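Which chain is which? They are A, B, C, D and E, in the order written, and residues in each are numbered from 1.
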Amino acid sequence: MPAAADLRMLGPEMLVAGTALLVLVWATFLPPQRQHLLRWISAAALAAALAVVLRLGTGAASAFSGMYARDGLTVVLQSAALLGALLALALAGAYVERSHLDAGEFYALLLAAALGAMVMAGSRDLIMVFLGLETLSIPLYVLAAFARTDLRSQEAGMKYFLLGAFSTTFFLYGIALIYGVTGSTALARLAGSPGGPMLRAGVGLLLVGLAFKAALVPFHAWSPDVYEGAPLPVTAYMSVIAKIGAFAALLRIFPGTLTALAGEWRGILAVLSILTMVLGNLAALRQTSLKRLLAYSSIAHAGFILIGVAAGSGRGAWAVAFYLLGYTFMTLGAFAVALRVTRGGEEADAIADLTGLASRSPALAAAMAVFMVSLAGLPPTVGFVGKLYVFTAALEAGQNALAIVGVLASVVSAYYYLRVAYTMFTGEPAAGIAFAGDRWLGGALLAAAVGVLVLGVFPSPLTVFVQQVAQALR
Amino acid sequence: MNLALIVALPLAGWLLNALGAGRLSRRAAGLIGVGSVGLAFAASLAAVQRPEVASGWRVVLWEWIAAGDFRLSFGLLLDRLSAVMVLVVTGVGFLIHVYSAGYMGGDPAYSRYFAYLNLFIASMLVLVLGDTLLALFVGWELVGLCSYLLIGFWFDRPSAAAAGRKAFVVNRIGDAAFLLGMIFLALSAGTLEFSRLAEAAGTLAPAALTVITLLLFAGATGKSAQLPLYTWLPDAMEGPTPVSALIHAATMVTAGVYMIARLHPLFTEAALTPTVVAVVGAATALFAATIALVQWDLKRVLAYSTISQLGYMFLAMGVLAMPAGMFHLTTHAFFKALLFLAAGSVMHAMGGVIDMRRLGGLARPLRWTTWGFLIGALALAGVPPLAGFFSKDLILERSFEAARGGPLLAVWLLGLLTAFVTAVYITRAAVLTFGSGESHGHPHEAPPLMRWPIAVLAVLSVAGGALGAYAAGRPLLVSLEGFFELEAHEPAAAPALWLRLITPAAGLLGIAVGYALYRGRRAPRLGWLGTVFEQHWGLAPLYDRVIVGGAKRIGQDLADVIELRVIDGAVNGLAAAVAAAGGAARRLQTGYVRTYAAVLLAGTVLLLGYWLLR
Amino acid sequence: MSGAAEVILFGAAALGALAGGVGIIASRAPVRSALSLLLVLACLAVLYLLLAAQFIAVLQVIIYAGAIVVLFVFVIMLLHARSGEASPTKLPHQRPAGLVLAAAFLALLAAVVALPGGPAAAPVGQEFGTAQAVGRMLFTTYVLPFELASMVLIVGIVAAVVLGRGPR
Amino acid sequence: MTVPAVWYLALSAVLFTMGAAGVLVRRNALVVFMSIELMLNAVNLSFVAFARQAGALEGQVTVFFVMVIAAVEVVVGLAIIIAIFRSRETVDIDNVDLLRG
Amino acid sequence: MRAFPLLSILIFLPLAGAVVVALLDRRREAAVRWTALAGALLALAAALVVFWRFAPGTAALQLEEHTLWIPAAGIGYHLGVDGISLPLVLLTAVIMPLALLSSWSAVGDRIKEFSVAMLALETALLGTFLSLDLVLFYVFWDAVLIPMYFIIGVWGGPRRAYAAFKFILYTAAGSALMLVAIIVLFLSSGAAGARTFDWAVLADSPVAMPLQAWLFGAFALAFAIKVPVFPLHTWLPDAHTEAPTPGSVVLAAVLLKMGTYGFLRFLLPLFPEATVRFAPLMAGLAVAGILYGGIVSWAQRDMKRLVAMSSVSHLGFVTLGAFALTVEGLQGSLLQMVNHGISTGGLFLLVGVLYDRTHSRLMADYGGVAALMPRFAAVSLIVVLSSMALPGTNGFVGEFLVLLGAFRAAPVYAVLAAGGVILSAVYLLWMVQQVFHGPVAVVQRAKVVELSARELVLFVPLIALIFWIGLFPGTLLSRSEASIQALVERVQRVQVEVRR
């Protein structure tokens, strides 16, 4: 039976899971006009979980028979997941209520996905990783299709689901092969394994599954379509939470476990990273839909983040964590702006809908400009610092090509990000554009903008915080 | 600080007139303009009396440029050489200012005119008084600027604006060479101070010295309108006539001569350069004189004449007869200024007409002017005992001596031939302008403000020869020979009589020929020879079409083809390629789940295949 | 069980599974695919028994054959699902490409899995693979994933509820 | 255990590949989904075979979890397919192509 | 005891001004404009205090501030001023108020945003010149791009989008590899834990040669694009032509100097051997740029394009001086940076004055302006002469020293570069003639009115500086002497070793 200490260690996870159930049940008893209470509860739970995560800190490298850990990696990436979920929740509320989506289920699924990402961060066993992955993915499939009468949302849900299930089988096959070699699903056993073709194949198949979640080229194809079709707040949430979960697992498995094989997988990850950066940025160049642009943007950023994993070092790992946190702020910020702007009551999806935004709402346009600049990796924003860290890691590891492709890809990305900014500051606003959203959205927007700037100018505390990740890998 | 005062006075005049433009009354502007130069002349007169001048009176004003080993102060130097120039500049300058006060009387931009003119005097004084080659260069470029401004004074006339620009640009070509020569000199001699160059000259490598002096001389060909950079000077006649007199005859254009005199330690030491200078000078002298033969614009005749006479001066410098060159510089300043002022007087009388085909018979209505012009013309033709005779004679004499029967004798022959041609063209000009025929309109003589300077210059043109005449004790030459550290040319070494007579003979012959040819307003075209002269011996089409046209075409091609298509085309092409790749990347996203699944499986196969088979 | 019987049983079940697999992907009518799936599942249950996994074999029959396939058949009936593949395909290269990729993938897998010299099967006791043995592990070592799996099940319920609701 | 584990594994690989081919080749969403189930079962076979080979029960426990997840996926997947069928009257996944580029 | 953070205050004063402006009501245009101007003037005052506190005669860094910024990543906050950065700081502080003042007529909409962008730009520029930690430097360096991008893209001419994107992508592409090189420097600066991005430390022990050459290349590319060195210059004419007047002014006067400053601050001290090795290449490109820029300027019809191309030529002199690797050349280079800022900044202001009146930049649309605007014509002439490096103006001293230094390094450079001396007269006087001379040919004659008092104020400081530096360059030269001397000694030491 699990020890009491083990259970205490699960505080944040239980808090989130319990709240998901509570929200689900309570929603059926709440009259429609009081559904916003659910939001408060969910937010409170996420915030509390975040507090508990920080409070608990590290100190349990192994629990539940070595299945789970609360080490630096867990703490940092769970914080990222909770932060992302919290911000996404703030973004979603007004949209959910406005679009008459089922609030209880929506929040419950959102919390469940967060739980999945958290579990992926803490798992030290491939079965746990698998279950975490599914806990993360299945809610996202459902959320993508959440606007169930909307053709595009349905399509998004179906594409995501079918391809997700397809990729999951590869992931599982990978676990099976590893199990066949090591006789166990524990990462600890994997670390000590001698290698061999079956192990390589197993790890390769694991990588396929995780790369799919993280939307790395060539396993990315689902993401632009799903991002575009899913309801906007879902897209926002998906773009961060899936990445956090996937990269948590990648860190855990590759630099965290397979150190002996580093010479082999670093090159492969580097190739994936280069493909992802190049294709993601190129395909984003000529997009007209903001959601689709951000989809490709998120693909491209996955490539940048992967640089840190491919470095295979402690520095790379904490750079990944830093980048993910920064990415959470800037991407959710950009989505928050997109949620703010509506066209005839619907999502204003076209980039052209932002034309002249600055004259309608200078603050909103300024915030969007900040996010775009940060996504482009220009200082003084968190996006720059994140890139600085991953490039440093790559160069330290001798992955020069990665760093060079990375910086050049950043330049290409500047084009499409700044095109958005340019659009906002020129021309006359289009007709039918209105602003939506509530204080939560405004608050999230402000938090994201402040986060992007403050972390860009004073990245030091966060840097120290994420460096725990490196300690966990050692 | 008396010395700085000479420069400061016209500078102050410039500032007052420039800042006060539009607010000063016409009278005040004129008074400031003329007065400042008059005072400068007075100050100069006082300064040259000072005993320090004999050994060089130097005033260092401030440390100017200091970088690394290169340290240079800005200062003024008055010695026997610059004394001559200072007096010429301020003296002739003053006369022309006075004349201008009358000549420009009706011009609305009176203040601006005097501002420019004062600035010119100040700049010319910097050129002359500068104690380093760099300071000389400052003046050198500034007088070029003033020349540009004054040629284009009536900027609303496109021809004037273009002429000003041409003057500046052509000068810049020479200046660039000058600059390089100066830099080379600074680096090899370690100094640009005149006082230290003399000793440094001996230490320079002969090749370096030759290159340096040739570069500096290239600068001089620009400023002094010698071959091949002479083209700007005729066009410069677009400016007001007093400007032509002052800048484009008496002072600025002689700066090249002065520069060589100033750097005589270098030029005398250099191996090849003096010969080049002499040949270029002689060639220019004849070349320009022949062109003057076929001009119809009176001022252009005088312009080519100036080029030709400057050629004489370079000839003198080239044969190292520097005192003679400076002497001719001085007398030329007198008589050429006189000729120009007289020409200006004609224009004034005729309402701006200067084409000799529309002039004639002005001797009667314009009595002062005619006398002035005639005196100037005779002086130019080298008729004794006018000033021009002494100086020109001296130059030819010295060049004959320097040739010592060698090939340089050709230089002397060219000079002699030029003397003849000179007399012909100036006679032609005098005859066509003042001689036979009816005067058109109702010409009236100039006001006293213009007449008096003509008179003074006429006197100087007549008596100026005394500065170098044996009979008068040759005060100028003695002073300069001392300066150049040459042994005095005693009459003991008096040249052969035929040599002394042949120059005036050539002049007189020229006058006779000229009179015979152009008397009665016949205007022979000189046949094919005339065409050659009109075409500048073939240089005009070369310059206009090949060089200027070619450069412009190259510029246009570079700007339109290389810049836009090649260099920028590469950049835009790269951007277009990236954008096209972006489009291709988009097309990969077909929208079909099965494609995506296939891509996923393909990725898996590749990944596993790579990992397992590598 | 004798060795020969085991081999025969394996052969039969394997062939059945392969036939079922082909049936799934080659049948024109979806119902046939569903029935082929049922065949595969049943054959696998037999193989599980051969591999000393009684509990799993039972689960296989109950969950997969009993619940999942029924669900599939039910949906097929509900949607009167035509094969949906009558119209000409928009992706003419998909089939050959798919087969080539699959073949390549199989080749790779074969190279990995079919390597000779894997460890010989360890001897296992009677307890191995029984419900008790598996259940004990589930509630001790694997209690955390077990609890998490329940969370996933709840998500599944929610999904069915949310997506199954008709248009408002 | 007379039949070597390798045979089971090979069978598993073949079944897995068949499922993958089915996903790529078939257009009926339900059949595609069944192909995925086939792949999951193939993986399960591998797990059980490895478990037997190693004499360790973890493999069987894992299969238990896979089955749970498979069940959930079936629920979610069928719900989505039904939703799509309701509005589009088709289960041909090639007709679900609004989103592209 | 922590010293008074004078440099930090200088850098962030404009940003503080930007914040204040951002808080103002956008409808109070006058308040916005005056506040922005006040911010820039305060920065100027601070810069003057720096100038006054600056001790000449030493190569040491002064008024240093050195604290940790991101200690966990080895990144410091290190500021300092020496003889090389001092003139550029002053230039920035002088030009910014003028640019803001010129915006009063050149920019009519979104004034608040414009002012904020300009002030933010000033902070980034000052930071670039004063940073001595490579990451800090890079942050400021890249941060410059953003406000400038908006200034061109939002307030620019008809092809502003094209120009803005070209500007930012071209220059960002250049600096991208510099970031990689900065990181490599960091990584090779010592064992893990002892690594640093600090300029002073890195300059003390340059990395070994094959690597040094690569890093040199990365830095040089970034700087060369910014300068811009031929043939990497084509972003410049477009950016200049489309930018609003104040944008062009700052772009020409200050932004381009970031590149040439980078030569002096980073290329030479950090990569001395590579510098020596590649100096002929850089000098050759500089000379090519001098001539090419001059010739192409001549063929332009658009005044702004002409001035922009002339910058290519002028900055060729700056580059040439830098890679002459002699004290004279470097002093001239540094001085010429300031000079170009004054004269070309002035030229853009002049074009702006005309553009405000007629909304045309084509020379063909003008003619005879001198008759309509005599005072303006006089001012223009002075600026043009300064740009032509007429003796007595600032330009001459710089150009002379550059040529002197280049001649010392290799006479052929100086000989070819002297062609630029001629060309500058050709194209500038061509412009003067087309615009100012000839009969009055402007279409909207009534609009071409004489300079207003405000406009005159723009030029007074520039003209004063033109003559002051022309006559008393020692004011600047004496302050940079020690730093340049030290720099040259360092490079020459290597030069001797390489020769051996």
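Keep this in mind: contacts are C-beta pairs under 8 Å (C-beta built on N, C-alpha and C of every residue); 3 or more make two chains touch, one makes a residue touch a chain.
Keep in mind that this is a model prediction, so the values were computed, not measured.
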item: Neighbouring chains common to subunit A and subunit C, by label; value: B, D
item: Reference subunit B; chain at largest CA-centroid distance; value: C
item: Pair with more cross-chain C-beta pairs in contact, given B-D and A-D; value: A-D
item: Most central chain, judged by mean C-alpha position against the global CA mean; value: E
item: Length of the line joining the C-alpha centres of subunit A and subunit B, rounded to whole Å; value: 77
item: Mean-CA-position distance for subunit E and subunit A (Å); value: 42
item: Approximate Å spacing (C-alpha centroids) for the pair subunit B, subunit E; value: 37
item: Whole-Å separation of chain centres (CA-atom averages), subunit D against subunit E; value: 64
item: Residues of subunit D touching at least two other chains; value: 9, 16, 19-20, 23-24, 27, 29, 32-33, 46, 51, 53-54, 56, 58, 61, 65, 69, 72-73, 76, 80-81, 83, 93-94, 96-101
item: Sites on subunit A at which at least two other chains make contact; value: 127, 131, 134, 138, 141-142, 145, 148-149, 157-159, 162, 166, 177, 180, 197, 200-201, 224-225, 287
item: Shared-contact residues (touching 2 or more other chains) in subunit C; value: 90-91, 94, 97-98, 101-102, 105, 108-109, 111-113, 115, 118, 142, 145, 149, 152, 155-156, 159, 162-163, 167
item: Which pairs of chains touch, using the document's own definition; value: A-B, A-C, A-D, A-E, B-C, B-D, B-E, C-D
item: Residues on subunit A engaged by subunit D in the complex (per definition of touch); value: 127, 130-131, 134, 138, 141-142, 145, 148-149, 151-152, 154-159, 161-162, 165-166, 168-169, 172-173, 175-177, 179-180, 183-185, 224-226, 228-229, 287, 292
item: Residues on subunit D engaged by subunit C in the complex (per definition of touch); value: 1-22, 24-31, 33-35, 37-38, 41, 44-46, 48-49, 51-58, 60-61, 63-65, 67-76, 78-83, 85-86, 90-92, 94
item: Subunit D contact footprint on subunit B (complex, rising order); value: 586-587, 589-594, 597-598, 601
item: Of subunit B, residues touching subunit A in the complex; value: 578-579, 581-586, 588-589, 591, 593, 595-597, 599-600, 602-604, 606-608, 610-612
item: Interfacial residue positions of subunit E with respect to subunit B in the complex; value: 166, 169-170, 231, 233-235, 292, 295-296, 298-300, 326-328, 331-332, 368, 370-371, 374, 378, 385, 390-392, 396-397, 400-401, 403-405, 407-408, 411, 414-415, 418-419, 421-422, 425-426, 429-430, 432-433, 436-440, 471-474, 477-478, 481, 484-485, 488
